[in-house]
């Protein structure tokens, strides 16, 4: 241990944790180890046993992992009779003791088991990976669903927003982190280090990620931002290899053009909304003259939806997209924009929008601001949305009200521009 | 040469969090805010509402705080009937859905409420302080015990050993942390900065503390260590203003002479055992030639115990201690050592040792190694133990077995020296 | 959010340098070591030899140090004949070779010797201390003056302003640095850690220091600043134990109330002007609403000057000050202010102001803004200036012109207030 | 300014320096600015003027730069007559004053001018670049040689080994630094980020660089190290894309296989020897079981030398190399090894080895340990040395004596293996 930079040492402490090696030559079976960890009366040997179990786990084959999951799902389940007894007791006489009894009975032992596993250095990441394994077998083994719910419960507590840290990712960031940004980018693939550099180095580009102190070398989620003059109509122009960075003083709009979750094992624990809000705060502080915060988002479900529609326009769009006929698509810009707006506003799954990205941003309190044709002419963009993209607007003054309306009544807020577009389209539709 | 560094920024991120100011001019009542936080359908406005509630809370008077606690204890309690229904349903058909129902019913809403409060920047420390307030009224308001149990439950999860970071405290540590070490020292008071310097600066002294990443400016627990040649027989000589530091090469023994919990609001969440074990590891790595790890511990219950004893020796000791007659006590060294050993080994509360410090170290797997007369001749030392102290030995090869024996069978391990002392004493007792 | 972090390691590298231990058992004499260092043909063994010499030096007694200085002063002096030959050669044929010859001849070997000493880790601080020793004997040994000039020459180059780093000193600063701030405060002594805390912790107080990367644990110079509403008339009220900090929003004036050089061994290398200017920039960036940057400075030469004056007022002031009669001094406020202003403006040493603090600030481009009576009523304040202090104003728009006028023509700029004070005084003087 | 991690802030301070923008709208000519900087009586306006000059300089075209260099070379040269007068005065009466006069006269004003330029934030790097420009015109303008000598003189002082910091470069290093490692690698080109990763990430690889605190984002020199079992006979196998890293416990040899200077503008200021020695220390501390420290070095002059030789073997080697006939070269391994050893030991420039890499390592105190045929079969390796490489051995016990012998008497130390090789070769030569 060095002696300087007190607080950075704290982080060093977080990082210096020994990686998992082989278990320390114990002869005990995994079952026996699990039993020992769970029955242990305190902290004493927990750390070592936890480490041994996690090391063992990494060496298991698929069948053995399933058995391990079953041990937790069934062998460490709640005893419903005990719960009923304890609930009755607490109902009759609500004291500290009876409450302790209920809490004890109602929490399955596997929760405490997982918490104790987490004592081992580096365990948090291992547990996230363990749940990823669990997700892989969950479909075929629905009896493991309760175990998965407990993972979610614990991860929600551990990855509480209050524990997360926002960091800017830039060209001064260590290569081992950047490497993961390349790997985890899920929206517009980063081809290589030069591509990454184009997204990080120019002064009109930003990238931010959330980290958790117990997993410092693993970003949880990150967002890429372009600072622009107005809302750009194409992601290809945003990412062009040759372009002149915009002087910061001219930027008035922050465009969130990619947001990627990094840890599949944390599926169901959502960070995106917090990230966007904190990045907006961060940017407003750094660049007070920014006045719009919008996305440039894919419309992943558009083509699937159009394929199910009747009418001339949808079919024509679908044909052109299928043929990859960019020229023809370009000519159909107005129809595509109308079809996209209609899809986003009117296509539903139950009462909620059909499009998953729409659900995410509208749920965050954004509104549907503008649709763009020819905005993503990559193969994937043509395939999923005939090249259309959409900008959701985060209007800070209205974001909470929007969110409230969406959350309670599935109310979707749209801009005047979108309203006009839809009305004109409807009028034309009637005319024809 | 360290290698991690991007990461020190992460800590900066943890520290840069804005402190609590006034709530942002909301007109809502605290109740309405609490309701809003709890009913909120996600992360959206949680952070701001949480911040407002915590700010409001700080301004409450005693009566209002009580009302706030009651709101949580009663207004956010479990519905036992719902628990019973859900437990029955899960008992009959254990599916993901029925398990989710049970988990939902069995967890009181206040747990989620507290987790959401924790989203606010700096909230963790505020919640620790809130529980300290709760502890202050718990005795008179036993109906709040379930709330306290939920605090403990959440803190155990958040302050999981896997999230803690060990840091050395020394003369390069920032003053704001050192100031807290002075304030929190609970065993041998630190009189001023010079006294502190004597415990941190010499090369034969060490101090280590645990920190949590969400409360970086607040140590959780710390231990002070003296590196010695052999086991010292007096804490006053350890802390003497004028003494020559021992060259490190001559040290063979690490003496843990003070261990202090810092956060009263975390009462019931134990860190001491983990701390001692990790410090032992740390010291062994730095100084491989150390061969003993012992404490120099107070015996806080000795005089109270002797006062209840019959027999000449106990009474004589008690009289001399009461009179503060250090000379006489010095002369009675052998009797005091015998009385102390007898007390530590034989005085019980139920099946466990009566002395709380003994319970702590024996529970950690230490053994009773040696008793010292005239080892703490401060007023407090005379008053509580007639100047006697005890060294518990952490013998790494035996610490798990000792712990196991103590945890399962209250077995207390003692050294040969103590055994001989007690046998000789017994023989003499019989003779007279 | 900072972005640089790899680099904090670099600083760790600067700090991790091994301190000086005993020389590595070499049998060579110091003279032989010096010869070896100087004759060494490169970097090869320089570091070790340099380390040995510096270790040896620390063990020398006064006489041996004098001999060592003489070795450098006389044994490593320039050969003036060689200089003349080389200058003639270069004068005749100014080529690279002849210039190299001149440069070689004109630089005394001791400069290279000192540069080579500086290769040892930690050497820079040792050389600063060595010069301090030299300063101690310089008066009695004027033949060492050339050596001292070479120290100054090298220090000017090494401590070039471009290499210095400004750091804020506050309550998060490591104790080992704060301890030095207490020790080095030269204007208004810091009594203890509580006093220090009062100067660092309140939000209306600031402290800044310059550091050099090769001496990271040693501040070079620091300034203490109070943020005030208007210019305070008393340093005692500034430093009062009980006072309510001013909310930052109300502050309009930054008062530099103490500036202390830390390294006596760097005498003659001036940092004060750079420090003040950089702190002004720093404060303006943090607090754009500040509109005045003034000092609250002692007038160390006032009483000495008055003692040499004739006239009733000076004598009366001198008597009261000598008697420590604070009441009487209070009554004489107007006369004291007049006397102080007169002294500052009119008392000269040659063409420059007699008062050394005045020379410093006027040389920096400040102007004489206001004089205060009863502003420092400590014993020292009464003794040196009958309690009077002065505020110099750093008016950024005029600071360069002021400096230029002072540097070229000893022009002293004063405020209207001072002008009026002096005119009124003159008028009154004539009247009486 | 943040408040945490005191020392890392110091570095932040070093990094936060504003980059050069346009000069602040001054109308003064560059000449006038230079005059102002030089005549300035102190620190007052130096920083701003220096900044303006450096900004202007960056905008100059080739002719203007030449004029600027001439201004320094001729307009700020020493006055030899003044030097002679001052030297005579000091020779007659060696006092502080006369010495000051000599020092003043003998130092050309351009040195002070360059020191003052260095006050501007970021200036050090600008001055290094300025000298690079100077080097570019020096050959055609020998009258600028004195100016170049002054650059060297100042850089030697500023880049004193005592001010340099060694840092490990690894996969946690920020991308902006790694990018420069790729760019500056001068021996075995790094093709892309994957290639870089192969040299940094495996546990049996190391890379270290020197940095200067005033140029933290610019490495000065770096060395790449492979930890091996024995001395590898081929750099291609060292750098192979697919290879299994050696477990650290098996490594016994550290192989320095590439050392690259980064700053052409610092030509003539040598860092390589210090770097190698400090890296050896570093590695010995981390891995005490390493017992050999060798290089795997190119023999850049071998083919040029052989081309000038008569005899069958040299010609055959030269023909095969020229034809790039790797098969034939492989068959000629023994002859190539003999020719390489003979070249390294016997080919001279004056009394020193002809090969520049040999001069570097032998000058550092290494010895010629082993020659390898077929060790660098890249096109470049074939072209310059017919694929041969050499290992110099840094035998710590002998390195100073070796250095001494080389420095004073051009004595070249060789291993037994080389001796035997040469003797056998000589014997065979005689036979034939």
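Note that the chains are named A, B, C and D in the order they appear, and that numbering of residues resets to 1 at the start of each chain.
The rule we apply is simple: a contact is a pair of C-beta atoms (placed from the backbone, for glycine too) under 8 Å apart; a residue touches a chain by one contact, two chains touch by 3 or more.
No experiment lies behind these values; they were computed from the predicted model shown.
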Taking each chain's C-alpha mean as its centre, the one farthest from chain D: B
Repeated interface matching C-D, over half of the contact pairs identical, chosen among A-B, B-C or A-D: A-B
Centre distance in Å when chain B and chain C are each reduced to the mean of their C-alpha atoms: 48
Averaged-CA centre spacing for the pair chain D and chain B, given as whole angstrom: 56
Between chain A and chain B, centroid-to-centroid distance (C-alpha), Å: 38
Per-residue multi-chain contacts in chain C, two or more chains: 1-9, 11-13, 15-16, 172-174
Residues of chain C defined as touching chain B within the complex: 1-3, 5-9, 12-13, 16, 171-176, 178-179, 192-193, 197
Chain C-touching residues of chain D, taken from the complex the two chains share: 1-16, 41-47, 77-78, 80-81, 83-84, 87-88, 90-91, 94-96, 99-100, 102-103, 106-107, 115, 118-121, 123-124, 142-143, 145-146, 148-150, 153-154, 156-158, 160-163, 165-167, 172-174, 177, 211, 213-214, 216, 270, 273-274, 277, 363-365, 399-400, 403, 407-408
